[in-house]
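Before I ask anything, here is the structure I am working with.
Think of it as A, B, C and D in the order they're written, each chain with its own count starting at 1.
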Amino acid sequence: MVVNAFDICLCLTLAWLAWQVLRSHDLFKAVVLFISFGMLMALSWVRLQAPDLALAEAAIGSGLTGALFLSALQRVTGNKRGERRLDRNEERHDKRA
Amino acid sequence: MTMLSPSLIYGLTGLLLFVMGLAGLLGCAELLRKILATNIMASGIFLFLITIAHGSGTLIDPVPQAMVLTGIVVSVSSTAVALALACHVQEAARRHDLLQKKRGTVRR
Amino acid sequence: MTNPALHSSAWLIWPVAAPLTGALLTFLFKDHSRRLGLFFAALSSGLGTALAWQILGHGPAHYALGGWQPPLGIALRADGPAALMVMMTAITGLAVSIYSGGYFQSRRRNSKHHALHSAQEHAFWSLWLLLWAALNGLFLSNDIFNIYVSLELVTLSSVGLTALSGKPPSLVAAMRYLLVSLLGSLSFLLGVGFFYKAYGTLALTAIINSLSLSPPTSMALALISIGLLLKSALFPFHFWLPPAHANALTPVSAILSGLVIKGSWYLFYRFWHVELIFTAVGLVPAILGGAAIIWGAWQAFAQQRLKMLVAYSTVAQIGYLFVAFPLLAETSGQGHGALFYFAISHSCAKGAMFLAAGTFFLQMGHDRIRDLAGVRQLLPVSSFAFGLAALTIMGLPPSGGFIAKYLYINTAINQGLWWLALLILLGSGLSAAYIFRAVSAILSPQLLRIRPALVVSASMQWSALTLALISLLLGIIAPLPLALLEVS
Amino acid sequence: MTKGPSKTASALKRQWPLALLLVLLFTALAWAYLAPGPAAVGLAAQVDASLTASGVSSRVTAVLLNFRAYDTLLECFVIFLGVMVVWSLRPTTVTAPRQPQAGAILSSLERLLVPLMVLVAGYLLWAGSNQAGGAFQAGAILGGAGVLLLLDSSPLLARLPKGGLVWGICLGPFYFLVVAVAAMLRGRHFLEYRAPEATLAIVTLEATAAFSIGLCLATLFAGRQPQGKSRGENSAHSPAWEEDS
């Protein structure tokens, strides 16, 4: 096997995606980028003749891990929203008092 | 650059991802981001291990591949634990803040 | 195997398999988790002791799992040090288990949150048994990837145990512990990859025997060492330990300080037990260890809470575990003896100390050192246990700690490492200072103003005392453990 | 590969000592990777030589479930442990069971997808013995099906008895232990099985492991122990940590 443009592109995209995951301001965006990162990782493993692993990575490493992150994110931000509501209620309460 | 084989490039990418994940783990403040960073580190290591399977011979070595499969499951398990714990930590912090706030208003 | 002295023995798998089964069963049968937990703790302890006895009688053993010899398969391997570690886990583990039985019962009796305490106890038993299995697996495994999997088991179960109390400080500590530990595991795994690339095998003894320092193998060793140092909380990496150990439930603190730390330390020992490395960077762990001794003692002295004091004392004692690495370089066996003697007596003494401190906490509702004065009248057995354990931590005769420090200083002087001997003396003085602060409060003759009813059970007091007595006894029966250590 | 370090440096402007350290680390790693050292041939040839005795023709499956089955045994316990830890974290809060908006699209998608996913999982399991696929992939697909059901708050999972869930989670590791110890009772080593009966052992091991892994993954996604009626009672006690040690 020789290196072709595809390999190099894939590697660069992987590194770029990882970078975006770490620095994007929005956590939701980071998680979505992470899922696509996992998919590309699976693609590179197909390229390295490891289809078993590509399947596992796509299903577990990218899919399920991504789902876990999304649900955790929802729980955290959902709470933030709840907190805001609680604060507002408290304020109202204070004013009335 | 004919001496470069694909496995070499992917191996280096794996190491790079490891270091980038480390940067995220040490440099980012949010817990969720730190956990994402450990996942990126793990992916980098897995990529590195898979390139080892190509090694020197023509045969592909199944042992590193089995290691990666095991590693993926271990990693998803620890990610799930970390995420659950992070949610609890943030909830605890929120409750603490609320408590402080309440105390503050009472004092006022 | 290449070494004809090794014999194959099925005893090696049982200290792992028995607690694993116990973890599953306690998880399944929620209503009987205490009885099942105690039964499997006793069983695992007995099997660990049997293994040590076997090794002492018949020499080192190995066991090819699935009948596949390495490098294709995974083998377990037990020599003297490994058997000693399994034995240490058996003793401390059994005492902590007996303590936990009474601990959860007392807590439930004195609280209105029955459901909550039952849930905690249920989770405790299955996590603890799984941790026990993973530790035994760690001590006995001879395959570096398998060690990685066992390390992850140890990490996740210790994190679960740390977070069990549910208090915000312990949750935060557990989170930090998990992140540090994950970093350590990943570093270890990358090192495993480098080793496999270089040697084409995962068998630890094969790798160590053919080790030669080249860029890839040095990198592997560095990655593995850093990973293990992170997990053992040696000085610059110690920041996560005190909050995690001090805020956990009492039996958990004893387990973390007494046993879990020793797991990664033991692995470090196995990787570094090569003369080659000492010539290159042998002094690095010793210097870090020296810093840990002084920093940990200093911090322990400044603490206001008893459990925090004991936790910082662990930071200092981890220093002793690493400071002796230069001693392993030349001499025949005294350096090893010192190192392992310190490990086992620290495990018993620190376990006893945490158990006693937790008893005070449960009885008094706090662990502020200042306000503990007079506790002796209420809890004479636990106070006595704390005092006895303190003897070992300070290294006074006739305790196990004294033997360890005597061996340390003796070996250091024989090798002309005067600074090391002085460092160990200085460390002993510092530990005497902070221990004295705690002991003088606990054993003070001051009378309690109010005498609350006793809420702790007898099993909690006596298990701590037994463990403290064992740490003392280690000073008297020194030849036996040292003989076991010689088996290799 | 000059791109990597410079990227690391550019993005961590405020933390340049850390960036510098990491650039150095990457250089060291790359150097160790490229530098000459002992290079081994790996275990491919040995795996091939023992493949017929392992009972399966897929090399990765042979390594995972026969040569290095002990790793896989422990790994089943790792994922079981994950569930245990997540369940042991006390619900300290009154907020937040997710409120899934079960749309019509999701429902019909689910009706279509879930049986399909179960079928695919079965196929992967069956294919695993001689080509790509195996217990983990099948388990992951099953877990995905479980996640879909959870997203829709399908009554299927709610109706599942809690005891059944606990037994299902334990089934995989438990069966693994049983197979391992059964081999010892027949005078062999722990986890020792050889062709021809190895095939049966491996297939049943994979099936139970896939089932439990799928269940564990779905449970991890759900995030907390299904508590039925006792839940209200537990969350009412949330500040209990304030009183005890």
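Methods note: contacts are C-beta pairs under 8 Å (C-beta built on N, C-alpha and C of every residue); 3 or more make two chains touch, one makes a residue touch a chain.
Bear in mind that the values here come from a model prediction, so they are computed numbers and not experimental data.
Engineer: Identify the chain pair with more contacting C-beta pairs: B-C or B-D.
Structural biologist: B-D
Engineer: Taking mean CA positions as centres, which chain lies farthest from subunit C?
Structural biologist: Max centre-to-centre separation from subunit C belongs to A.
Engineer: Report the inter-chain centroid distance for subunit B and subunit C in whole angstrom, where each centroid is the mean of the CA atoms.
Structural biologist: 27
Engineer: With chain centres taken as the means of their Cα atoms, state the distance from subunit A to subunit C in Å.
Structural biologist: The answer is 37 Å.
Engineer: Using the average of all C-alpha atoms in each chain as its centre, how far is it in Å between subunit B and subunit D?
Structural biologist: Averaging C-alpha atoms per chain gives centres 16 Å apart.
Engineer: Return the distance between the CA-based centres of subunit A and subunit D, expressed in whole Å.
Structural biologist: Centre separation, subunit A to subunit D: 19 Å.
Engineer: Counting only residues that touch at least 2 other chains, which ones in subunit A make the list?
Structural biologist: 15, 19, 22, 52, 56, 60, 64, 68, 72, 75, 79
Engineer: Scan subunit B for residues touching two or more other chains and write them down.
Structural biologist: Residues 12, 16, 18, 20, 22-23, 35, 52-53, 55, 60, 63-65, 69-70, 72-74, 76-78, 80-81, 84-88, 91-92, 95.
Engineer: Taking each residue of subunit D in turn, which ones touch at least two of the other chains?
Structural biologist: 4, 29, 33, 39-43, 47, 60, 68, 71, 75, 78, 81-82, 85, 89, 92-93, 95, 134, 136, 217, 220-221, 223
Engineer: Judged by the touch rule stated earlier, which pairs of chains are there in contact?
Structural biologist: In this structure, the chains touch in these pairs: A-B, A-D, B-C, B-D, C-D.
Engineer: Tell me, which parts of subunit A touch subunit B in their complex?
Structural biologist: That would be residues 1-3, 7-8, 11, 14-15, 18-19, 21-22, 27, 30-31, 34, 37-38, 41, 44-45, 47-50, 52-53, 56-57, 60-61, 64-65, 68-69, 72-73, 75-76, 79, 83, 86-87, 90, 94 of subunit A.
Engineer: List the residues on subunit D that touch subunit C in their complex, please.
Structural biologist: 28-29, 31-33, 35-43, 46-47, 50, 66-71, 74-75, 77-78, 80-82, 84-85, 87-90, 92, 166-167, 170, 173-174, 177, 180-181, 184, 188-194, 230, 233-234, 237, 240-241, 243-245
Engineer: If we count contacts the way the header does, which residues on subunit C are in touch with subunit D in the complex?
Structural biologist: That would be residues 10, 13, 17, 20-21, 23-24, 27-28, 63-68, 71-74, 107, 111, 113, 115-116, 119-120, 123, 126-127, 130, 133-134, 137, 145-146, 149-150, 152-153, 156-157, 159-160, 163-168, 194, 196-201, 210, 212, 214-219, 249-250, 358, 361-362, 365 of subunit C.
Engineer: Which residues, counting only subunit A, touch subunit D once they are in their complex?
Structural biologist: It is residues 12, 15, 19, 22-23, 51-52, 55-56, 59-60, 63-64, 67-68, 71-72, 74-75, 78-79, 82 of subunit A that touch subunit D.
Engineer: Report the residues of subunit D in contact with subunit A in the complex, numbered from low to high.
Structural biologist: 3-4, 7, 11, 58, 60, 93, 95-96, 98, 124, 132-134, 136-137, 140-141, 143-144, 147, 217, 220-221, 223
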